[in-house]
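Okay, so subunit A shows up in both of these, paired with subunit B first and subunit C after.
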Partner chain A sequence: MSTVVLEQPRLVPSPAASVRQLGVIEAKRYATHPLFVVGALMCAGLSIGLPGPDELDYAVIPAFFLGVLGLVVSARLTRSTDTSAPVLDAAPVPITRRTAALCLACAVPAVTALLIALLHRATLLADPIADFRYGTFGGLDRQVLTLVLPVVYAAGGPLLGVVVGRWLRFPGAPLLTVVALLAWSATLAYLPQSGSSSSALLRLLHVSAPYTAFAFSDGDNVHPITVVTTMPGAPLWFAVWAVALCGLAVCAALWRGASATVRTSVARAGLVLVAVAAIALALAATTGHDVNHETDSSGRTTVVRGDA
Partner chain B sequence: MPRAAVGRGLRVLRSTPWLPVCGTSGLATALLVGAALAPHQPFVPFAAVIAVAACGGAAAYLLDEDTAPVLDATPTSRGVRTCWRLLPLAVPVTASLAGLAALDRADSSGRWLQLVPVALGSMAAGTGLAAALRRSSSTPGDLAAAVTLVGVLLVVAVDPLRRWAPAVPLGEGPGVGRSMLMWTAVVVVSGCAVALFSRDPVHH
Partner chain C sequence: MPEATVSLRGAAKSYRGTPALTGVDFDLQVGVVGLLGPNGAGKSTLLRVLATVLGVDDGSVRILGRDPSVGRERTEIRRRLGYLPQELGYPRGFTAYGFLDYLAVLKEWDDPDRRRAEVRRVLEQVGLGDQSGRRIRALSGGQKRRVGLAQALLGSPDLLILDEPTTGLDPEQRVSLRTVLAEVGRTSTVLVATHQTEDVAALCERVVVLDDGAVRFDGSVRDLVQAAAGRVWLSDAPDPAARTSWRTGSGRYRNLGSAPAGADIAEPSLEDAYLLLRGASADSDVAA
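Up next, the complex of A and B:
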């Protein structure tokens, strides 16, 4: 007489569980991509005590190494399954769930950016910089500029990469997107530097870029910083605007190939995010300083009147 | 040159990925022309460097061949195909030269034409990297373009040899000449890399 042991019937995982499982797989693929590894190492290297940009511009390092490179990484990961599309399309996992998993994998650069930003803060705690280097920004704005925005940039680039991978099928799409993004940000980020920052339109344009600067200084690689100029705009509302853009990127990625039901939900979420983005953009431009403020090494702040 | 060879060459040219090459070069020109329209705005140096790096990215797509394994088995050698493939390099070269000339005309005090060696070095680096990566992939453009773009921007931002030769040779001083020399060396080394990696693969 023999005993037959039957395996417990395996239940089909719920949509949320399957997204989680796929997300873990995509996160592993992301974390082991050579471009991400190189970018993360360089980002960490430039964040530990080495001469870098002004403290308030620190976010440019994670934005560049984890955001810009992340856009290319996630676009490549998204497109990498194209050759297996006939097989994948036959599997009982819709494209929406695969896209959601790719979006979840963007937590990898975000968490990496958070850890590196904390490491950077730790090095600054050990060797603090003069208070005037923070311009006129208070405690909350400083945290937003040096901790929140690096994480948002590091997640935003890869999320845009998923959108590029899903929607733009021609060769060179990631490069064109990166160049357009860099051009957009470089053109608008330092717009108030010229002194005509009292114009409302310029203030709006300044904070409408996906990456923007809130301060600049007179120092460079050779000369020490003696004056820090705080530019107009509210970092907190700008962070909300940037997070809303990330949300819109997720919606755009999920829209591709989604069923009618999913599209209805995505459209609703997208409309809410558009409203949030518009309000945050308006508040980022109208709250905060109207004009540039210069803070010198003695801590004295003077208002710089623009020519507009 | 025999007519048949020219015909073959033109067919090689036809398979160039024109969209990324012309699209990125067009964006770079637009950026430089935009900078020329407002030459005293603070974004102009950033725009110029991004445009120059973008041209390097565009050049990295020139050696993309979807069907390289099949083409390697044809009598048209990889070296000949590479020679024909390098002709469209004229697109990013013209784009960067025209844009920098427009910018220099708008603001002659900026000496923007001194960025020409950086542009040429960036494009040479993109092509050289793509040639090296062609050993492992028949379409190395995407990766080579991203690495070139980020690499050039990184070199300019960090400026590792600034005491001896600044990465961006703008202005005056002895460093400018050395910087141009450095970028010329990048062009020469990249040219050697293209020649070295364009030999037909040997199958044992």
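Up next, the complex of A and C:
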């Protein structure tokens, strides 16, 4: 008995088309997720108003409310279709394209962070802060710290969430990842604050955290700021490092369930990103200040030699 | 004989040494075929193999003229396949329409207008046209099952594989489903695994009975029923020698097997025939 092929003429769509269509669906799901809505409102509320004491640390707001909460959102969205896996697995569009669509949906928090950062910028235009509060950072670094990094953080957390959703199947995996991420960042973000900032290893550790700070001040919401301390590290290269980490997260997510062909492409991209990340990390640690610099309200800058 | 849409030769599958399928041979052509068998017979495993989500350990499988073990051919098969698994969960937050729209994209319906029309068509086909905007979570069990059926019908597949499609459906919905499947079965191959013998009797010309991972019967429904002729009896008391005996709504006892004293012969149903076949399988297992 021969086997018949009941062929019908059919236009097979391009992979990009299905990723785009799925991306739109996933983006809508992301944008309407309650945790994202709450996070975005909180982020906007804290950004659009009086500027905080550490303007150079503004990125912490979108990093937490859009990045960290976004990790949980995207992990849940990724896992949410597991219950339909028998049907999804029998569909012609493979899991890698579904994963790619989830990664595309991470543009939602990124764009939200950009819009909020621009609104925050508008707030500052109406009520400018003194120039010394930017420490020793010039125009480009200021843009990176207050506009680029908020967007990168807002996308990076959710991208990591897709990785968690694809690879970690135990309950509470997103929360555990959040705790690990916060612990990692909290440990390293202000590492040079003590003043022992001339150590190369310390500078490397400081900029290796997924979130790190580049300045701190002596003031707070009650006490006026008189001195801003600029810590070692180059924000621009740190941003490249953070973007490379985002790219590696995409690669890790795509790896799950991928065909051999896709894995080859992902592995190549991953190797390039590892190289970029390593170079960016090295440059982030070596091309900025090697010690803390203090800038007072008169604009005078003092080099702080290591006290450790 | 019409040519085969599905062809299995010696298909075998084990889970950690426990055999689920042991050398299954059969062909499927256009039409509706019922798949009967007890729990654990291997029905769901067989359907997963045919749905290309599970490979066999041994033997050959050809589906729609292609080899599902080859990645590119597997994708070709999936483009022309509809599959309703036994248990289908739904992601939170999706409406019936939204879920089907999502799956339509996964089935490569990339043109938004055509996709929307196709989703509406299948929703109407399963009688959920007026429920499309409701969240799946808020639907009844039967309605959820129909959403599952609707996704399998997307794109009018050449091969439709349904695992317990009537679970949770009320009698009217089941009749409606039979109408839909009979219509689909005119041009496509439909394989329906079920425990509802009346659905098979009402819908299918052919039935395959699977037990212990092997095909115990493969033929027309009429032939299976005929095999039970003269072995179904109605009596006033249960027959201890009967393979199976139960009290019917009329107060008399329906006995399967040899005739008890004073019993009246009864017209066999597919369920009777299936139970007798199962009894014979059990006997042969004991003898072995």
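The criterion applied here is as follows: the second predicted complex is superposed on the first by the 292 of 308 C-alpha atoms of A that agree within 3 Å, B and C clash if a C-alpha of one lies under 4 Å from a C-alpha of the other, contacts with A are read in each partner's own complex, and residues count from 1 in each chain.
Please note the rule applied: a contact is a pair of C-beta atoms (placed from the backbone, for glycine too) under 8 Å apart; a residue touches a chain by one contact, two chains touch by 3 or more.
For clarity, every value in this text was computed on a predicted model and none was experimentally measured.
S.K.: Which holds for A:Ser84: it touches subunit B only (first), subunit C only (second), both, or neither?
M.R.: second
S.K.: Based on the superposed arrangement, let me know which partner A:Ile25 touches: subunit B (first), subunit C (second), both, or neither?
M.R.: second
S.K.: Contacts for A:Arg98 in the overlay, against subunit B (first) and subunit C (second): which applies, first, second, both or neither?
M.R.: second
S.K.: Quick one: is A:Ala17 in contact with subunit B, with subunit C, with both, or with neither? Answer first, second, both or neither.
M.R.: A:Ala17 contacts subunit C only, not subunit B.
S.K.: Report for A:Ser259: first if it touches subunit B alone, second if subunit C alone, otherwise both or neither.
M.R.: Touch status of A:Ser259: second partner only.
S.K.: Applying the document's definition of touch, where does A:Thr187 land relative to subunit B and subunit C: first, second, both, or neither?
M.R.: first
S.K.: Now for A:Ala126: first (subunit B), second (subunit C), both, or neither, which partner does it touch?
M.R.: neither
S.K.: Intersection of subunit A residues contacting subunit B with those contacting subunit C?
M.R.: Common to the two interfaces on subunit A: nothing.
S.K.: Quick one: which bits of subunit A touch subunit B in the complex? Just the residue numbers, please.
M.R.: Residues 35, 42, 46, 64, 68-69, 72, 76, 170-176, 178-180, 182-183, 186-191, 193-194, 221-222.
S.K.: Quick one: in the complex, what on subunit B touches subunit A?
M.R.: By the definition above, subunit B touches subunit A via 17, 19-21, 23-24, 27-28, 30-31, 34, 40-43, 46-47, 50, 54, 57-58, 61, 64, 139, 141-143, 145-147, 149-150, 153-154, 157-159, 162.
S.K.: Could you pull out which subunit C residues touch subunit A in their complex?
M.R.: Subunit C reaches subunit A through residues 1, 3-5, 7, 27, 48, 51-53, 62, 64-66, 71, 75, 78-81, 83-85, 87-93, 98-99, 101-103, 105-108, 110, 112, 148, 151-152, 158.
S.K.: What part of subunit A is in contact with subunit C in the complex they form?
M.R.: Answer in residue numbers: 1-6, 8, 10, 12-13, 17-18, 21-22, 25, 29, 32, 80-84, 86-94, 98, 259.
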